[in-house]
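Look for chain A in each of the two complexes below; its partner is chain B in the first and chain C in the second.
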Partner chain A sequence: MNLNPSLNFISPEMVLTLFAMLALFGSVSSRLKHSIGLLSFMGVAASAVFLPLSFRCGQFSFYGMLINDPFSVFFRSILIVASAFTILLSMGYSEREEENGGEFYFFILALTVSMMLAVSSSNLLMIYLAVEAVSLISYILAGYHKKNPFSSEAGVKYFLFGAFSTGVMLYGISLIYGLFGTLDLGVIFRGLTTASYVDPAAVLVAALLILVGIGFKSAVVPFHMWAPDVYQGAPTPVTALFSVGPKAVGFALLLRVFTFGFHSAFTHWGTLAGFLAILTMTVGNVLALRQSNIKRILAFSSIAHAGYLLAGVAVGTVAGAQAVMYYLFIYTLMNLAAFGAVIAIGNALHSETVEDYAGLYRQAPFTAVILTVALLSLAGIPPLAGFIAKFLLLSAAVESDLVTLAVAISLNSVIALYYYVRIVKYMFLHEPAKSTTMPTTTSLSLALVVLTIAIFILGVWPQPVLGWLSGLLRLS
Partner chain B sequence: MFPVLSSLIFLPLLGALAILFLPREREDLSRPCALITTGTVLAVSAALIFGFDRTAPGMQFAERSLWIPQLNVWYFLGVDGISIGLVFLTALLGFLACLASNEIRDRLKEYYVLYLLLMAGMLGTFLALDLVLFYVFWEVVLIPMYFLIGIWGGPRKEYAAIKFFLYTLAGSVVMLVGILIAYFTTKPHTFNMLELAAAASNGAFDPQLQMWLFLAFYLAFAIKIPVFPFHTWLPDAHVEAPTPISVLLAGVLLKMGGYGIFRICLPIFPQGSASFATAFAVLGVINIVYGAGVAMAQSDFKKMIAYSSVSHMGFVMLGFASMNSIGFNGALLEMFNHGIITGAMFLLVGVLYKRAHTREMDKFGGLSAQTPLYAFFLTICSLASLGLPGLSGFVGEFLSLMGAYQGFPVITALSLFGLIVTAGYFLFMIQRVLLGPLNPDCRYYKDVSPLETLTLAPLVIIFVVVGFWPALVLDLQKPTLGMLLSLLGVTS
Partner chain C sequence: MAELVFFVIAAAICFFAVLVVTSHDIFHSSVWLAMTLLSVAGLYFYLDAPFLGVIQVLVYVGGIITLFVFAIKLTAHIGDKSIVQTNRQTIFAGLCCLILFALLMNMLQHSCHGPFPHSEPISLKQLGQSLVSVYVLPFEFISLLLLAAMVGAIAIGRDKK
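So, the complex of A and B:
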């Protein structure tokens, strides 16, 4: 077999790997040390150039290990975008330990590569390997602040929970192998509908075990316990990436493995996912109400958003999948904007407590407005992008007569509004306790401006992304 | 053709953008900018009334283009007899309240940017004919309102602002689900309100579904109107908001709820609405009597006016309950009148507060001798508000009562009791504020300034003229309401 098409397919990943190596070696040289962020950004940009080439490849690469389908196209693009913005955010993050700059960017790029492989896997073994690679790098990044006890705690906690849940997932995969004699998803799904000798109960158990692993990655209740501590302890740019990247991986796998795979095998999968969705969004939103650390608030908010996304998965239709994908894209933009603003504010205040944001509007109107836009968009208030995303989800749910799910999403947005607006309240309605100056970094400001403009434009003109997405899904 | 309706929405947005780019040192220019913008909007809306065909029941000046093809959402605007009065009311109060905003001294730039965004949202709500577009404008109103109450409001502004935001959002998210259910029930799927109404008259929604959908929309509108027991946000928001914002809250935002019932609930869910007519009547009388009773008990001037709004909105509900031409005309006219009269009342409260820095009615007394012009305005506005024949408030309330009497004589009779209490608390207020010996604290109060007269006089002129010649407004709305009634199966 000619390997060339396969290599073409992973050309973006290869470019990223190359730049990751350069970042690692560049940190040895004292002259290059300060431009590694820029180098990494260029790496992501270069790999984005190779994406169209990759999309033109055949359906399968590496003997059916990787697949080129709408999910892989869409999610790899999202991950590239997320990675690019994370690097810009990191360049403006003052608390990064400078002496290890190269390592930091190396891990960010390596994480991107493994996430991109995970979303294009079509073989359970490949899925497991990629997810495990994502996890291992995440543990290191979470504990990156070696001198900060919260960061170390985050690393250890993430590791313990992660090791357990990927272990459970591996067990599920081994059961599947025992039942079907293969790990290739395409063969398994064909087997589900044709082979009468496979015990459905056994498949259900195996699928649920796999769900544990994926649910952990996307912080779905009851596998969410790690999220608040890890989000709080990890360096903020890493938290930003954690809140969007692994979530995208989780939902890409949920869509591929469950919506378009096991879904047809179990009649109650939709009910189970719907139940988990409502549980996840409610737990996330209710627990966020009483937090005062902004990173913890955003952690619970990201759990709640996992609930909304899972609702789209529970719908189980193409419209549901489209809603999930669009929502994830918008969620990536608004969450990165929110974390970017948190970084900018943290650089000046050296605090993550919401009460310390009092009167921020007077000192940093620009950042305060951006954070407000991001939060209101997360709350789903029109005319911001988050509204169209939520609208798509609700519309997918209502179209499939899942009105309970739609009502649950709606009511949860009201709860969520309270804690989002609480942050806005401190910034705009309170007077500052002390005056501070806001240092600005070009890269961070650039990222924030681009993200905010995108949130506005996609709120009133979602056509470009929606059109692309529906074009993709029609092909499948 | 010149897109008149779009210009009504986009002029304030342009104004807001212009103010946004003013340098911080020239912040003082934001007020003239906002005045020019709102003045132009008022001029355009006046021109709209002159160009409006009073005999046509359907949509006029319609603009329609595809907005989001994937979602089948259209940018669809239009104006008819139901909305034209409210559009003019919004433009008028928007301009006058902007004039009255001279009391705002802090963070001018932000104030006027948010103010103009609010204008765009309110006008958009009355003009949108696509349910999703309507929802977007409906929500767009919330954000500026939150900040306007929260930043420039009174002592309990934070509580009032978030309460307003949460209450309204809770109603509107349920409406959003309702919108989607309505969309997917019709074939072909549509968000177009006119097509939905047409589909409904062809039996697209079965009665059971109509009831549920009606309730989903009604919740959003009832919170906004506000109907008992969803009214509790109103006293907080009205009292804490700065004067010009209270004017818009009472004058325009409360009308959004009633407008929604006219535009969506009645034509699209006629059977659903009809089955709740009795509930409307009961809730209406509760609003009238309860609102009046609570207003009577207030010692805070502004709170009294706020509860009087609850009471007046009860007449609108009674008008809906009537399900006949007289009642509907009364309800719509009452909405317009209440905007004009209560807008003026809030301006008057603001005038007094600017001088006294208190709103306790017992802290005043004998002002009629000290500030005669103020006394004139306050008296005539109170009389209009309590429904004195010859002023416009009477016409709307009388028509509502007359309409409702045909179906609900007992309930209508009960609501007359509310009228008596209303007369009571307004006269009691006049007695405490204007009559009696001059309170020594009030010795140095100046009479209303020319600017304040400028904001009050147009409103007084309107309610006097409409009081004598109600056909001026009724003629605008009659053909459209006639068409609405024929949709409901009532021959007028």
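So, the complex of A and C:
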């Protein structure tokens, strides 16, 4: 087999790996150390240039290990965007331990490569390896602040929960291999409908075990316990990436493996996903009400958003998949904007408590407005992008007569509004306790401005992304 | 007779595995784990997969358990006191395990089709060739995974300045 088309397909990943190596080597030199952030950003940009080339490749590459389907195209693009903004946020993050500059970006780039391979895998072995790589690098990044006990706690907790859930997933994969004699998803899905020797009940058990691993990555209740502590302890740019990257991986796999794969053996998949969706959004939103640390609030908010996304997965139609993918894209933009603003504020206040945000509007109007836009968009207020995304989810649910799901999403949006607006209230209506000056970093301000403009534009003019998305899904 | 061998090995795996999670000394646990993994290697030999058996002994018993023992001996205060292997959630966890066990038993009863047809043992040459053809991407990707793990271990483990 000629491997050249396969190599073309993973050219973005190869470029990223190359730059990851450069970042690692660069960290050795004391002169290059301070420009590694920029180098990594250039790496992601170069990789983005190769993406269109990759999209034009054939459907399968590397002997069916990777697949070029609408999910892979869209989620790889999201991951590139998330990675680029994470690097910009990291460059403006003052609490990063300077002496560890290079490795930090090496891990961010290696994590991006692993996530991109995970979303385009069509073989359970490759899925397992890529998800394991994502987990492993995440444990390291979560515990990166060695001087901060919360960070070490985050690393250890993430590791223990993660190792266990990957073990469960691997067991499920081994059952699948025992039943089908192959790990290739295409062969497995064909076998589900044609082979008489496979017992659907057995496939169901294996699928449930695999669901544990994927649910853990996307922080779906009841596999969410790690999220608040890890989000709080990890360095903030890393938290920003955690809240969007592994979630994209989880939902890409949920869509490919469950909604459009195991569904024929798993007749109640829609019901189960719908139940988990309502549970996840309710638990996330209710627990967020009582938090006072902004990173914890955003952690519970990201659990709630996993619930909304899962509702789209539960719908099970192409419209549902489109809503999930669009929501994930918008969620990536607004969550990165929110975390970027938290970083900018943290650089000045050295605090993550909402009460300390009092009167921020007077001291840093720019950051306060951006955080407000991000939070209101997360809450789904028109005319921001979050509104259109939520509207698509709701209409996909209603079209499929899943009124319970639609009602749950609406009720939860109301609960969520309370804790988002509470932060805004502190920033705008309370008197500042002490006066501080806001240091500004070019890279961070640039990222925040671009993200905010994108949230506004996609709120009133979502057609370009939506058109691209429906074009992709029609091809499948 | 052949079935008897299987049941002896299976019983040994279960016995040692229970000892791993009930022992109060972490060092003992790691030794029992080594025994569990050796028994699993026995299962591989029994199932005509000698290469896998040898790899199991080399990598797990020879490499990973040795690493465990080093980690226990080099880490202060974990090798010398009796550890508690249970917590408040024992009952809940036990319940979950029971449900999983019931599901798996149910599955085995319904979809066991007797022994698989005996296939030709796969030669080392075939294994090596598949590693650079069908499995070339996972094989190469593991290098990145291991590199990240190594750099990560150094980044996390090095002294605070």
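We take it that the second predicted complex is superposed on the first by the 476 of 476 C-alpha atoms of A that agree within 3 Å, B and C clash if a C-alpha of one lies under 4 Å from a C-alpha of the other, contacts with A are read in each partner's own complex, and residues count from 1 in each chain.
In this section, contacts are C-beta pairs under 8 Å (C-beta built on N, C-alpha and C of every residue); 3 or more make two chains touch, one makes a residue touch a chain.
Since the model is a prediction, treat every value here as computed from it, not as a measurement.
When the two complexes are overlaid, the chain among chain B and chain C that reaches more residues of chain A is C. Of the two partner chains placed by the overlay, only chain C lies in contact with A:126; chain B stays clear of it. Residue contacts after overlaying the shared chain place A:17 against chain C, while chain B stays out of touching range. In the superposition on chain A, contact is made by A:179 with chain C only, not with chain B.
When the two complexes are overlaid on their common chain A, residue A:413 makes contact with chain B while staying clear of chain C.
Judged by the touch definition given at the top, the superposed model places A:286 against neither chain B nor chain C. Of the two partner chains placed by the overlay, only chain C lies in contact with A:107; chain B stays clear of it.
In the superposed pair of complexes, A:38 makes contact with neither chain B nor chain C. In the superposition on chain A, no chain A position is in contact with chain B in one complex as well as with chain C in the other. Within the complex formed with chain B, the residues of chain A that make contact are 376, 381-383, 387-388, 391-392, 394-395, 398-399, 403, 406-407, 410-411, 413-414, 417-418, 421-422, 425, 428-429, 462-463, 466-467, 470. On the side of chain B, the complex with chain A involves touching residues 68-71, 132, 135-136, 139-140, 142-143, 146-147, 150-151, 157-158, 161-162, 165-166, 169-170, 173-174, 176-177, 180-181, 183-184. Chain C makes touch with chain A in their complex at residues 103-104, 106-107, 110-111, 113, 133-138, 141-142, 144-145, 147-149, 151-152, 155-156, 160-161. Per the touch definition, chain A reaches chain C in the complex via residues 1, 3, 6, 10, 17, 24, 62-63, 65-66, 99-100, 103, 106-107, 110, 113-114, 117, 125-126, 129-130, 132-133, 136-137, 139-140, 143-144, 146-147, 155, 175, 179, 197-199, 201-202, 205, 208.
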